[in-house]
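Look for chain A in each of the two complexes below; its partner is chain B in the first and chain C in the second.
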Partner chain A sequence: MTKGFLNRWLPAGALALAGALTLGASAMADTIKVGIIGPFSGPFALQGKNFQAGAEAWLAQNGKSVAGHDIELVYRDLPTANPQQARALAQELIVRDKVQYLGGVYFTPDAMAITPLLKQGNVPLVIFNAATSAIMTSSPLVVRTSFTLSQTTTPLGKAAVERGVKKFVSIVSDYGPGVDAEGAFKKAIEAAGGEVKEAIRIPLNTTEFSPIMQRIRDAGAEGVFAFLPSGPPTLGFVKAFSDTGLKKAGVKLFAPGDLTQESDLPALGEAAAGLITSFHYAVSHESEINKRFVAAGEKAIGAPDLLSFPAVGAYDGLFVISKMIAATAGKQDAEKAVEAVKGLGWESPRGPVKIDPETRHITQTIYLREVAKDAQGRWINKEIASVPEQKDSGLTK
Partner chain B sequence: MQTALSIAVDALAYGMALFIICIGLSLTMGLMRVVNLAHGAFAMIGGYIASYAARDLGLGYAFGIVLAMIGTVLIAVPLERLLYRRIYDRSELSQVLMTIGITFCVIGITNYFFGPTLKTIPLPAELARSVDLGFRGIAGHRLFVIASGLVVAGGLWFLIERTGFGIHLRAAVENAPMARALGIRTEIIYAASFALAIGLAAFGGVVGAEFLPIEPYYALRYMVTFLVVVSVGGAGSIPGALAACLLLGAIDVTARYLVPDFGNFFFYLAVILVVCAFPRGLMGRAQ
Partner chain C sequence: MPAAASGSRTLGRDLLGLALIALVGLGGYWLFPDNLAFLTRVISVALLVLSLDLIVGYCGIASLGQGALYGAGAYAAGIACVHGITDPVLLILIGAAAGAVMGLLMGAIMLRAHGLPQLVLSIAIVQLLHEAANKASSITGGSDGLSGMSPAPLFGVFEFDLWGRSAYLFGLGLLLIVFAVLRFVTRSPFGMICRGLKEDPLRISALGIYAFPVLLNMFVISGTVAGMGGALAAIATQVVGLDSVSFEVSANALVMLVLGGIGHLYGALIGTVIFMALEHIVAAINPFHWMTLVGAVLIAIVLFAPRGLSGTLDELARLLTRNRWGAGR
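Coming up: the complex of A and B.
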C-alpha cells in the first residue's frame, strides 16, 4: 500500500521539485517572451519567413539576452488577412503565453484588430510591416518599423517631373493599399507640377494586362504609375508593358518598391529593367551594416534570393524591442517602454532612421531605385537617388 | 477601329490559352464523368517542369514543352491507377473531395521544393519578338498560342470523331458494360484519355504561362475560371469549349479595356446569362 503510494507519488514529487528549481533558475535569468504574428504559411509565407529571418538575424548578431534578460520569440501563424483570428492569436499570446511584447503583423486589418487589446494587456506592439497610416492613431502603444505607402510614394512625384515625365495614367489594384497609393501619387505629382490624366482601378486577380496597355496608349500618357500586389499581377503587368511595345515607345513606368521585391526580380528580369521605384530598403543597399545584415539574413532564410524588405522591418523591430526591455529593466510596463523609444534614432541596414516622437512611425530615407543588373549579373534594385528624413506624409498634415 | 482590332487580337490569344488548358478538363468531365478539380494542378506541374528544363537546365522552349507533357503524364498515370480509378463511378462529392485534396498536396509539394516565388519559362527569340500586324505590334508568342489552340481543337476533333480510338472512347462513355462485352478494354481507354487530358493540361500550362504565371497557388487561383469555361461550353464538347473560351475571353478583355472599374462583373454576368439560357452549357449534350 505504502509502496504503491510512493511509486505513484514519488516521481510526481520529484518532478514538482525539479519544476520549482527550474522556475527559480529562470526567474533569475528572466526570460522575456516576444510574440510575433505573421503569415508563416500559405500564399504569403515568404513574407512571414522574412519576418523570421530578420528577427533571427538580429538575435544572431546581438545575442539572445538584453541587459541580463533573455529574449524568447513565440511565433504565431496567420496565413492571410483575418482580423478575428489576429485578435484571437494576440489574446492567446498575451493571456496564455504571457508575452511582454507583440511584434510582426503583415496586414493592416490584422493590426487594427490587435491594437484595442494593447492597453488592457499592458503590451506594446511593434509593427514589422502593416503599412496603412491610420494604424498609428488607433493606440498609443503602437510603434512601427516598416513604412507607409504614402511615405514611399511621395518622392516619386518630384522624381518623375525631374525626368520630364508629367502626363500620367495611374493603374492600381482595387484594394485598400492600391487606393492609398493612387491618392498619394496624385497628390505628389500634382504638387510637383504634373498631372494624372486617368486613374484606373483593376480587380485584384487580373493577370492579363494587354487591354490596359491599350488604354494607356490611347490616353497618350508619358508615364505610368502602377501599384499591384507582388506576384502574378506584377509579373503580368511588367511583361505586358514591355511586350506591347509601350516600353520601347518611351513610356516610363514608376511604382512603389513593393512591385520589385527582390524575391520577384529573378522572374521579372529583363521585362522590369529600367523600371523606377521608390522604397525604404533595397537588399543591395551599399553599407557595411547592411552587408552584415544580409549575410545573417540569408543564412537565416536559407536561400539568397528570398530575402526582401519585411526582414529589415523585423530586424529593426527587434532592435526597438531590445531598447524597450533595457529601458523598463525587464518589467512589464507598456507605456514606459513606448515612451523610451520615442525619438530613438539609430543606424539601420537601410540607412539612418528615427522613431518619430509624435507618430511613433519610423522616419527614414526613401531611395529612388532602378531595376538593373549588378556586377555578378543578378537583378537588383539599384539606388540612384535618395531623399533623406521622410516622415509619414499620410499622418503629418 | 484600330483599338477594336487590337482588343480582338488580345481576346483571341487569351481565349485560346484558356482553351488549351481547359479542353482536357472538359474531356475528363464530359466523357469520363470525373470532376477533376486537380486539372489546374497538372497544368501547373507542366509549367514547373518546363520552367526547370528551359530556365535552369537551358534546354530550350520546345524541349521544355515536350518534357513538361511527358513528365506530367508520368506523374499522373500512377495517380490514375491508384486514386482516380476508385472514383470513376462514385458521386460527384467524393470526386470533388479527392481531387481538391490532390490539389492541396500538389500546392504544398511545389511550394516546398520550388519555393513560393514566380517561375518563368524563357521564350525563344522567335517567339519573344514583336510581330507587326499592320495596326499594332503583337508578341510572337501570342500568335503561337492562337495557332496552337487551333491545332489542338482540330486534332482532338479528328481523334474523337474520326479514329478507332475515338469510337472506342465514345462507346465506353455511352455504355461501359456493353463496350466491355464487345471486347473494348475500357480501363485502357480511360487511362489513355486521362493521360491525353493531363498532357493537354501540361501543354496549356506551359504555353499559357505568359497569361497565367506559374506559382504554387496557380492550381487554386484559376480553378474557378477553368470550371466556368467548362460549364459554359458544355462538358465534353470541343466546339463548345472553343466557343466558351472565345466568348468569355472577348468579354473579359473588352470589359477590362472599357470599364476596368467593374472588375469581373461582366465576365460573371455573361456566365450567369449563358447558364440560364443553356443549363448544359453552349453545346452540352443531354445526359
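Coming up: the complex of A and C.
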C-alpha cells in the first residue's frame, strides 16, 4: 500500500518542485532581494524599526530601483541576540528567498554566526549596527556602515582627563562589544594619564542596576565608564545612575552614545542632562543632508521622537548596497560587489565618511556630545567637539 | 484477545506509523527543497518535545526545564566538535551521553519534590545552567555563542552544507530510530509502570514497586533523547547559543506538547510540526507583529481542542467509526 502511495505522489512532488523552481527563476529576473535581519519585535523592537526607517528613507529619497534593477527588502525578525536563530534566518534568506545581499544585524553574536555562510552563498553582508571590531576579520565579504566601540570610545579618554576626572570604574555588558569597549577605554584613559580602578562585566540580559550602582559607590571612583547595548538596558542604567543619587553625588558618567540615544532622551529627561558621550551620529547634527534624512526617517518611523542612530547605519547601508548593485550590473557576485565599495567615500547624514579599503569598516568623524535642551526645548545630544577621520583602531593591537 | 495476535497487530501499526513519518519526512524533502534547514530544526525540536513527553506525558512530572537536557547535548556536541571530534554520528552519541548524565542529575534533584515545587526546581535548574554557560565563556563562548564547528561529512561522503540536505536526511533517520525505540520503551513493562505511577502512585507502591529508580530511569532516557536533539541542532546550524539552554526553549517545548497532545508520542510530533510551521510562516509574512498572531492562534487551539490536536483527532476518528464499533459491542 505504501508503495502505491509513493508511486502516486512521487511524480506529483517532482512536478511541484519543478514548478517551484521555474517560478523562482522567473521571479528573480529583475528584482534584487535584500534580506534585512534585525530586532523587529520584543524589547529591542525600536532599534529594528530604526533599521526599517533608515532603509525606507533611503528608498524614498533615491527611488526603488538602481540602474534598472528593482530593490526588494525582505525583513526577518530576530528579537534578541541569538546566534543559532541568526544563522538559521540567514541561511533561509539565502537558500529559499534567494536574496543577493544581506543587511542589518543588531548584535555582534548574530553577525559572527552569519559570516561563515557568506562565501558559500555568494552573498555580501552589510552590517547596519553590530559593533565588535573582530567581525570584519571573520569574512572578506562583510562591509560595515555603523561604528565600532573602539572607534567611538577612544576620544573619551582625553575628554575625561581634560574635565579633571581620572579614577574610573568601567562597567560593560559581558559580550564582544562590551569587551572591546572596556579595552579601548582602558587604553585611552591610560594614554591620557588616568586609570581604571575596577572593571566590571555584567551579563548581557541584566535589567536591575541598583547593585551595580552600589559597587560604583563602594569603589569610590570619580568617574564611571559604561557600555551596554542600546535599548531597555541603557535606559535602565542611566535612570538608575540618576535615581540612586550617584549623579547628584558628583560621580561623572562617560560613555559611548549608545547610552543616550535620542529615542530614550524624552524618557530620561533630567536624568541624562549634562552627560558626556562620544558617538558617530547625533540626530541633531547640523547639516542640510541630515535635515533631509531626519525628515524622511521620521516620516518612515511614524513619530519624531523615535529616530536614533541605527537608522543612519541602515540608510548608509542601503547606499553601499546600491553601489554594489550598480557595480555588478545586478548579477550575483559577492566578491566583485565588495571590491567595488572599498575606498568608497560619500557625504552621509553624520558627516563625511569612507569605506576603509583594508578593514571594510567605515571611517568617520566621532563627535563629543553633551545632553542638553535645544531651542524648542527638546532633549538632544549637542555636539561640542569633533575628531575627524577616525578609523577603527580596535584591530591594531 | 490472545496476546500474540495483539502483539503482531501493534507491531503492524507501529510499522505503519514509522512508514508514515518517513513518508511525510521524505515528502518534505521533495516538496520544500529550499526549507531543509528549517525542517532540520523542526526535527531537532521534535526530539526535545518527545523527550519532554516521556517525563510529562508518561510519568506525570511537570517540567519547565527540559532545555537543560537539550542544551547539555548541544554544548557537549559543539565543544567536542570544536576540539576536533568531527564525526557526526559520534557527535550525536556525545550529545546523548551528556543529555543522559544531565537527566540523571536533574532527575535526582527534581524527584525530591512533588507538584509545584518540582516545577519550580526545573525552572531553577535550567536558569542555573544558563548562567553557568554564560559565565564559562572560555569554553562555551558565552553570549557570543559557540562557533567554529565544522562537522565532517556523514559517512565520509555527505557534507553538511548551506542547503542542508544531508543534515535533514541524517536528522530524519535519527528521528525514526528514536521514535521506534521510544514506542518500544513506552509499551514495555517499564513504560507501563511509569504510566501507572502517573495514574495512581499509591497503588503502584502497594504492588511493591519503589517509584524513585523507575522515574530516574525515565529521566535518563528522556535526557538521552533531548541530548540527541541538541546535538543535531549543533551539527546542523554549526552554532550553539545560550538560547539552547533557556527557559524559553523549555516553555516552548511544553506549549508544543500541549498543542499536540500530552501522553502520545505522535502528539509530540504533530504539535512540534504545527507550532513551528505556524510560527515560521507568520514570522515571514509579518516580521513586526507575528508574536501577537501566533498567540491568538494558540489561545484558539487550546480553547477549542483542550486535549491537544492528536486527542481531538482521536476523538474525531472515534466519532466517525463509532457506528461500526457500536454494532460489534
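Here, the second predicted complex is superposed on the first by the 318 of 397 C-alpha atoms of A that agree within 3 Å, B and C clash if a C-alpha of one lies under 4 Å from a C-alpha of the other, contacts with A are read in each partner's own complex, and residues count from 1 in each chain.
Everything that follows uses one rule, which is that a contact is a pair of C-beta atoms (placed from the backbone, for glycine too) under 8 Å apart; a residue touches a chain by one contact, two chains touch by 3 or more.
On a predicted model such as this, the values are computed, not experimentally measured, just so you know.
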item	value
First (chain B), second (chain C), both or neither touched by A:Pro203	both
Which of chain B and chain C A:Gln91 touches, first, second, both or neither	second
Contacts of A:Ile384 with chain B and chain C, given as first, second, both or neither	neither
Contacts of A:Ala191 with chain B and chain C, given as first, second, both or neither	neither
Chain B versus chain C as contact partner of A:Gln214, first or second or both or neither	first
Contacts of A:Ala67 with chain B and chain C, given as first, second, both or neither	neither
First, second, both or neither for A:Ala329, with chain B first and chain C second	neither
First (chain B), second (chain C), both or neither touched by A:Leu235	first
Touch count on chain A, higher of chain B and chain C	C
Residues on chain A lying within both footprints (that of chain B and that of chain C)	45, 174, 203
Sites on chain A touched by chain C in the complex	2, 5-6, 9-10, 13-14, 16-17, 20, 24, 40-42, 45, 75-77, 81-88, 91-92, 94-96, 108-109, 112-113, 116-117, 120-121, 173-176, 203-204
Complex interface listing, chain C residues touching chain A	19, 23, 27, 30-31, 33-38, 41, 131, 134, 137, 142-145, 147, 161-164, 233, 237-241, 243-244, 283-284, 287-291
Contact set on chain A toward chain B in their complex	43, 45-46, 174, 200-203, 205-208, 210-212, 214-215, 218, 231-232, 235-236, 239, 243-245, 263-264, 266-267, 269, 303, 305-306
Interface residues, chain B side, partner chain A - complex	3, 6-7, 10, 13-14, 111, 115-120, 130, 136-137, 139, 141, 210-213, 215-217, 221, 252-254, 256-257, 260-261, 263-264
